[in-house]
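Note that the chains take the letters A, B, C and D in the order they are written out, and that residue 1 is the start of every chain.
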Amino acid sequence: MSAIRVGVIGAAGRMGREVVKAVESVDDLELVAALRRTDRLESLTRAGVQVAVELTHPDAVMDHLEFCVRNGIHGVVGTTGWTDERLNTLRGWLAASPRTGMLVGPLSVGAVLTMRLARYAARWFESVEVVEMHHPDKADAPSGAAVRTARLIAEARREAGRAAQPDATTAALAGARGADVEGVPVHAVRARGLVAHQEVIFGGTGETLTIRHDSMDRVCFTPGFLLGVRRVGSVPGLTLGLESFMDLD
Amino acid sequence: MSAIRVGVIGAAGRMGREVVKAVESVDDLELVAALRRTDRLESLTRAGVQVAVELTHPDAVMDHLEFCVRNGIHGVVGTTGWTDERLNTLRGWLAASPRTGMLVGPLSVGAVLTMRLARYAARWFESVEVVEMHHPDKADAPSGAAVRTARLIAEARREAGRAAQPDATTAALAGARGADVEGVPVHAVRARGLVAHQEVIFGGTGETLTIRHDSMDRVCFTPGFLLGVRRVGSVPGLTLGLESFMDLD
Amino acid sequence: MSAIRVGVIGAAGRMGREVVKAVESVDDLELVAALRRTDRLESLTRAGVQVAVELTHPDAVMDHLEFCVRNGIHGVVGTTGWTDERLNTLRGWLAASPRTGMLVGPLSVGAVLTMRLARYAARWFESVEVVEMHHPDKADAPSGAAVRTARLIAEARREAGRAAQPDATTAALAGARGADVEGVPVHAVRARGLVAHQEVIFGGTGETLTIRHDSMDRVCFTPGFLLGVRRVGSVPGLTLGLESFMDLD
Amino acid sequence: MSAIRVGVIGAAGRMGREVVKAVESVDDLELVAALRRTDRLESLTRAGVQVAVELTHPDAVMDHLEFCVRNGIHGVVGTTGWTDERLNTLRGWLAASPRTGMLVGPLSVGAVLTMRLARYAARWFESVEVVEMHHPDKADAPSGAAVRTARLIAEARREAGRAAQPDATTAALAGARGADVEGVPVHAVRARGLVAHQEVIFGGTGETLTIRHDSMDRVCFTPGFLLGVRRVGSVPGLTLGLESFMDLD
């Protein structure tokens, strides 16, 4: 079997360099294009790229993905800042190119497992809260991953017919009880020295179960990128999150 | 549907009192016998007990279960101290009473989920260690639950074809790297003030995933007992752990 | 040396029973009065109580303490609900009885040490946040101990000339960043199964330092009560918190 | 006041580059020599270095320090691998150069505070254990910092007249209860994804107090190096650890 031909858009950034190194270190993938900021997208088609890894920033990502979809190049997208509107635009492009696959979103194995395990445990506990912790240069609070985790938990609770969480708080300082995400309190801690951490705390009579994910280094995303690159070509359309590629069931 | 007729053996102990209270608080179970140390087992048959909850101690449990099996009374067993030999003896009795069911072992929802989630995550990570923490009056180290968790993880790693864990230790104080349970290091902390806690730490490139279970109070076992009592009658033979009753898949 | 004559007000409550047991278990203290709800305060003077332990509730505590101060009985007060106004009232009574001592406030060794260590570390780190976790029947959020800890930290930062904490958050859900206590974010988690827990997270370049206190059982307060009873008689006036009795310096 | 003239030995390594950058970023220090592997030590004297930062490896460090002491250059030493024998050799050199100061050992503010807080809390708790967690490429277990922490705790317990720790373990797998460092159990976890972490768990009746230090990045050492460089010149002789420079009392 011949190697998959991979192009990296944003190859000079910190994450880009990691992905380039990872692609070059395995036999079943071949790096045929590494685009920096000033490089033209046409290099992708000229080099015969089959799967592009997108690692630039929210301002540029849509143009890059439109080019890829139009040319039948599959994509694995690490750039964040997705809104429902943007996802729908991408879905529209993909509808016109029915054999092309795009993978967007959480690409760390640990992040995906955290969400999965949290959803799995959700119906068994009376209480649940999410505490995420990040470096103080982060602009959004809570993190997108924490909000997504809370929503998955809320959905699992609804499906299990769980009542609202017990909470006798009658006197609170504003903000003390966190942000309310569909009934799940989410707390965001910001401190120098932290990288990216998330804790889901489940509580039942006499016991708690805590699932914690610590991302200490962006290299934690590379195994997820490799898995995505290997699989995205056989899954047409838009895929959100690595989860469906992980054979978790 | 008529209520299940329940008997509690060891009803005067701390756990027994909790189970008695829990059985009495629900409509689909009826407490028809509550045996203390000096009570005779015949009270169980006389009262028409369908499911017995066994909460005494390792020295007495086998006699009690033999009586139950011989009389077709299903059992939910909270008493610990099980060896492979004892389990085989129990299996022998059950073979002669093919409609009787016995549930033995971890009966806390949190403990069961911890094992389940740990097994689930095991194949995705290069490294894994278990740290369990208990009060200093505990006689065994590591705890039975920690050993069982480590074995489930080891099994999942073998099935996934995982290599041995990386460990460059060349100079170690005796004991520093914990006990080796099928290739999974297990550490046992004992300190006043602790109750029963277990942490499974998975590590991959740039990230860790930690699953932690804290049992703060023995009442955490009562939901598991109730679930066991409701289900054991329809599952003949020996069942180890609450897991198969939890519809986790 | 003769034993200190101790009276317990609120001896029939859960905390009261623990204190009674603890006082009776040591040689240098003698339990001479154990008042229940309907007992009259005069029993204290009649029994020659030197130190009273007050364990009732906010509605009753002020009357009890006024009686004690008026009769020169020293007090160790476990009842919560203190406001600045109430403390001032108590100070007024004590001014008129200059030999009497009263100890109010955090009486767990671990809680006191957490505050002390937190204050000690405060000036060395750029960032700090407090996360407290309690059972869901608690009425106030954050806990009084968490607010007090945050204030001590804020004071230590001001004394060290520390700038405001770094926080680039520009898009936040309401409440995500916690309650602001003098510039220190405080988050309150409420979940079934939790007892009383507090975590102080300090962050500096490339590292974090976390101080965590877990109270698993109210018996954790008894060593603090005993220490208070032994010392309060030699410290006239109002003392807030066990700290000054612990010879921490 | 003129800037302190600083030389870095091992300036091309990862830690060296961080220190070079840090020295250049402040006004009161001046980088006058940055030695790489092949550079001669004479560059230090020629450049008029007042304080040398040593960041090479155990095989080379002793020669470098002998040169420095002989030439009256103060030293801040980040290289590890110190034995009592080596420390004594260094003390001997310093005895012959009574105005020269050398700082060796833990140079992270967080690591120093962890030890300090642990020693401070030690006498208040019946139980204490240390759990350190590192990446799996580490050769020694437990870490030097964990052993040093355990010794400080053991010393504080002895001074306070604390009895041996309670431990009812009668049946243990080899290694489960950790390494024994003067009566304090120390456990070493090794997993991919971890960096350098240490947890000290104190336990008393009904409560635990945990002090945890997470070093996520070697840049955490630079504030300690800067503090050491500024102070070492006024503290002749050998100083172990940053602690005495931190004005902690």
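Assume a residue touches a chain if its C-beta (ideal position, glycine included) is under 8 Å from a C-beta of that chain, and two chains touch if they have at least 3 such contacts.
Just so you know, these numbers come straight off a predicted model, no measurement behind them.
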Among the chains, which is located farthest from chain B on the basis of C-alpha centroids?
-> D
Given the two chain pairs A-D and B-D, which is bridged by the higher number of C-beta pairs in contact?
-> B-D
Distance-wise, how many Å sit between the C-alpha centres of chain A and chain B, to the nearest whole number?
-> 36
Report the inter-chain centroid distance for chain B and chain D in whole angstrom, where each centroid is the mean of the CA atoms.
-> 44
How many angstrom between the C-alpha centroids of chain D and chain A?
-> 38
Where does chain C touch two or more other chains at once, residue-wise?
-> 125, 193-194, 202, 204-208, 214, 216, 220
Chain touch graph shape: choose line, ring, star, complete or other and state it.
-> complete
Show which residues of chain A lie in contact with chain D when the two form their complex.
-> 193-195, 214, 216, 220
Residue set of chain D touching chain B in the complex reads 125-129, 131, 133, 136-142, 147, 165-181, 185-194, 201-208
Can you list the residues on chain D that touch chain C in the complex?
-> 108-110, 113-114, 116-117, 120-121, 124-125, 202, 204-223, 246, 248-249
